[in-house]
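Okay, so here's the structure we're looking at.
For reference, chains read A, B and C in written order, and residue numbers begin at 1 within each chain.
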Amino acid sequence: MSKSDELVSIQPPQPLWTRHRWSIEAALAGLAGLLLLLYGSGAGSRQDTVVLICTYALLALGMYVPYIMSGSLSLAYNAYLGLGAYACGMLSTKLGWSSLWGVPIGMVLSAIIAVILAVATRKLSGFYLAGVTLLFAVAFQSFLLDQVDITGGPIGMQIVRPTIFGYSISRVQIMVASVIVVWAVGIFLARMRTSIFGVVVRIRKDNPQVVEASGISAPAISVVALALGAAIGSMGGSLYGMMHGVIQPETFGLHIIFLAIFMPLLGGQRSPWGAVIGAVIVVVFLFELNTLFDLDMLKNAGTLLFAVAILLVLRLAPDGLLGLGDVVRRKLLMRKQKDVR
Amino acid sequence: MPVQLWVSVVELGCFSGLLALGYFLVLRGADLFMFTMGPLAMFAALFGSYQVTKSGWPMPIAVLVGIALAVTISGLTEVLIVRPIHKRTGGEENPSIVAVVAILFLLEQLAGTLFGRTPLPGQPFWDKQFRWGEAVVSGQTIVTVIVTLVCFVAIMFWLRYSASGRMLRAVGDNENAARTLGLPVDRIRLIAFCLAGLLAGLAGTMFAAKAGVTFTNGMQWSLVGFLAVIVGGLGSVWAPLLGAVLVATLQTFTIFQFGNAARDYVTFAVAFLFFALRPKGIFQTKVRI
Amino acid sequence: MNTMTHGRATDTEPALLICRNVNKSYGGVKAVQNASLEVRAGEIVGLVGPNGAGKTTLVDVITGQQTADSGDIVIGGVALSGPPSKRARLAGFARTFQHPQLALDMTVRENILIGAVSSRLSTSRSMVRAAFAGALSPSTPEIDIEIEALTADLGIDRLERLVADLTLGEQRLVEVARELLRKPAALLLDEPFAGGDLRGVAGMTNALTQIVERGCGLLVVDHNVDIVAALVHRMVLMDQGRVVFDGPPADALASQEMRAVYFGASSE
């Protein structure tokens, strides 16, 4: 008689934390979101900060699936962000639609572009994807600046306050919606991560041949992951645009690419909430730099500092700052295990 | 296209050819795309110009130190960043890509912080102007062409006749096998990076004399070098130059006809087409049996 | 020529894996010459031989990583053809690797899980659907029951551990579990005893019995002739590209061919 007949009762029950991790994290994140909203109930500029945090959080979450989970690095995120925002702008000013439509349309456009770029390079090394997405990012930025008739050029374009079923959505409501969206996307990704699809996506990162051996096309998984990420990023741009009412090309400049890589790396791999934390840290840091020093040089030194930080993180803490905690915990656990043996 | 523009093509072609050659060497030796070529070129040029205009250094010194800086930075990035990450992750691609991109941004912002954000004029080696038919050819252009050809020939000889040059390809193709065979893998990789830095420094300094240099040039320069090596392929040491001339022709013509933004669209489109259809470039590496 | 002797454990079971007169050369060197071997259901076959004997090449041909110059490979009654991974998967054949191919930063359970996925995710549309379905209900109760049973049999516990924290022996068992979840007709174990500690060897030995109990045919390729001899029903010895012995392990160990091949060399 094999042991399997005695089944699960032999295994010790998993600790509460492991079994319900995602819901505990979601609850904590919800709490953080409420605190953020509380903060945003003050002056108008605070509401802008909250939405900025949400925009960057969605940018980071957009990088999470293709890059952190699956190891596919796309550098076109400034374009996805911009597409989301300019979609809102163009639909509302040129077609008279509610700018809210920019959200789904921006998502679809971004996903399509991500798919095209990924499919073209699916059989090539990661450097090619990085290269083609970077070239697209540069071309997109040029397009925004150059095509004045379409995008308004360097001056930018306006975005009409969004309406739904004829009711105008206020800035406070946009802010609340932004926090909810980030929270929902975070939960979505946290759950998806542990599902079969999530497991396949994550195994693809270092062991694509194992994915192939299961009869699944590894390149196709990468393409789908990249499309998902682009769509999420685009949402961030749309929310930003609807909140601010006016957008300019320089908001979606190449520095965004860099932040998009940096935020999720800072936060760590094991949970999409780490990406959100990375976003909060970046925005707070930038914001504090701005108000504390108000010096042009220091504001621009932000990217420099981030670049140094990212290299340090890569060198010393490959699993991000949250990952450092993991490493310490595992080392302690292993020491305990060795004693037992 | 007016003859004068062909002079531009030659200048741009030589410039991006040198950058592409740097890409070529690092691709062969370390199997990665050195997206930092552009910022390295920019850094050397900006440093040189800054020292001449703001600190009053004599031009030759400023230029030489600038180029030496590019070599040093390139070597340092290999030793301090690329190599440890490569070793620690067992040659995984992604950390290397992110590291290279991070260094690209770092150099750009560092240059901006150190040398200011306003464009500076370049430092020509040879200030004369010559007439050639309808076109005006500057002495700098002639110098650029000569230096480019010298570099290519020198690298060709290095690859064919020097010990480390011959080992370059072995190291890049299969690093583990090369190590097992006892090849000085780390040293060869470092040499490749330093040579690339040298090429970047030369290219940037010479090209800056044409239209000046500013800290944001790095990205654009990296991308034109990248496209040149993609188009040319890795089949021969001259392939990057051919790719560069083709790209320069295309870019110059596009700007002439359609303006600056169109150049970026076309650059993207050409790269996209090559990736999709002929990723190994025009000159593909022949498999040695 | 093969020296086929009697004493197969299960003569009447269907042959799950058949290699017939397989030839493979690399640039003039005959890596595998006229090799034939069979694995039947419920049978453990050991493939041994010194380095350069052609074991690896034959394994690569069987798993589809290389194509034979001539000869047949039949797995589960299906003659192989087509691209490598597809061939192996469609034909119900699985393999492990000397260095286990696992995602180190994922848990044991997650690494095993992918064995059960099969062709549920064959199109992009099904992938997108799976992404959303996964977010709505990430748990996989039916698969988890199978995994619990399998890991209990194989002696793997604490499935929430990260694979990076496991010993080599444990990692190999995880890989075996993953492959078994594919319900293959035949399983090939590549050097499952190489470099393992005593506990690892014991664990793998137990695993072999479990595999065969599931009706899987098992081909064990390893250098450790002694360990293999103690575990298999039949031993196949290769030398210089040819199969030089095929029979019960006791006979194999005593045979002239074995002595000739390993003369002077200590078995690792």
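Definition applied: a contact is a pair of C-beta atoms (placed from the backbone, for glycine too) under 8 Å apart; a residue touches a chain by one contact, two chains touch by 3 or more.
In this text, all values refer to a predicted model and were calculated from it rather than measured experimentally.
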Chain-level touch network, classified as line, ring, star, complete or other: line
Remotest chain, subunit A as reference, centres from CA atoms: C
Mean-CA-position distance for subunit C and subunit B (Å): 49
Separation of subunit A from subunit C, taking each centre as the mean of its C-alpha atoms, in whole Å: 41
Whole-Å separation of chain centres (CA-atom averages), subunit A against subunit B: 32
Subunit A: positions in contact with at least two other chains: 206
Residue ranges of subunit C in contact with subunit A within the complex: 85-86, 88-89, 94, 101-106, 110-111, 113-115, 117-124, 127-128, 130-140, 143, 148-150, 152-153, 157, 159-160, 162, 165, 178, 182, 210, 213
Footprint of subunit B on subunit A - complex, ascending: 67, 71, 73, 75, 117, 120-121, 123-128, 130-132, 134-136, 138-139, 141-143, 145-147, 206, 254-255, 257-258, 261, 265, 297, 300-301, 303-304, 306-308, 310-311, 314-315, 318
Residue ranges of subunit A touching subunit C (in the complex, touch as defined): 2-4, 6-8, 10-11, 14, 18, 22, 187-189, 191-200, 202-203, 205-207, 209-217, 220-221, 223-224, 228, 269, 319, 330, 333-334, 337
Residue ranges of subunit B in contact with subunit A within the complex: 32-33, 35, 81, 84-85, 88-89, 92-95, 97-99, 101-103, 105-106, 109-110, 112-113, 117, 219-220, 223, 226-227, 230, 259-261, 264-265, 267-268, 271-272, 275-276, 279
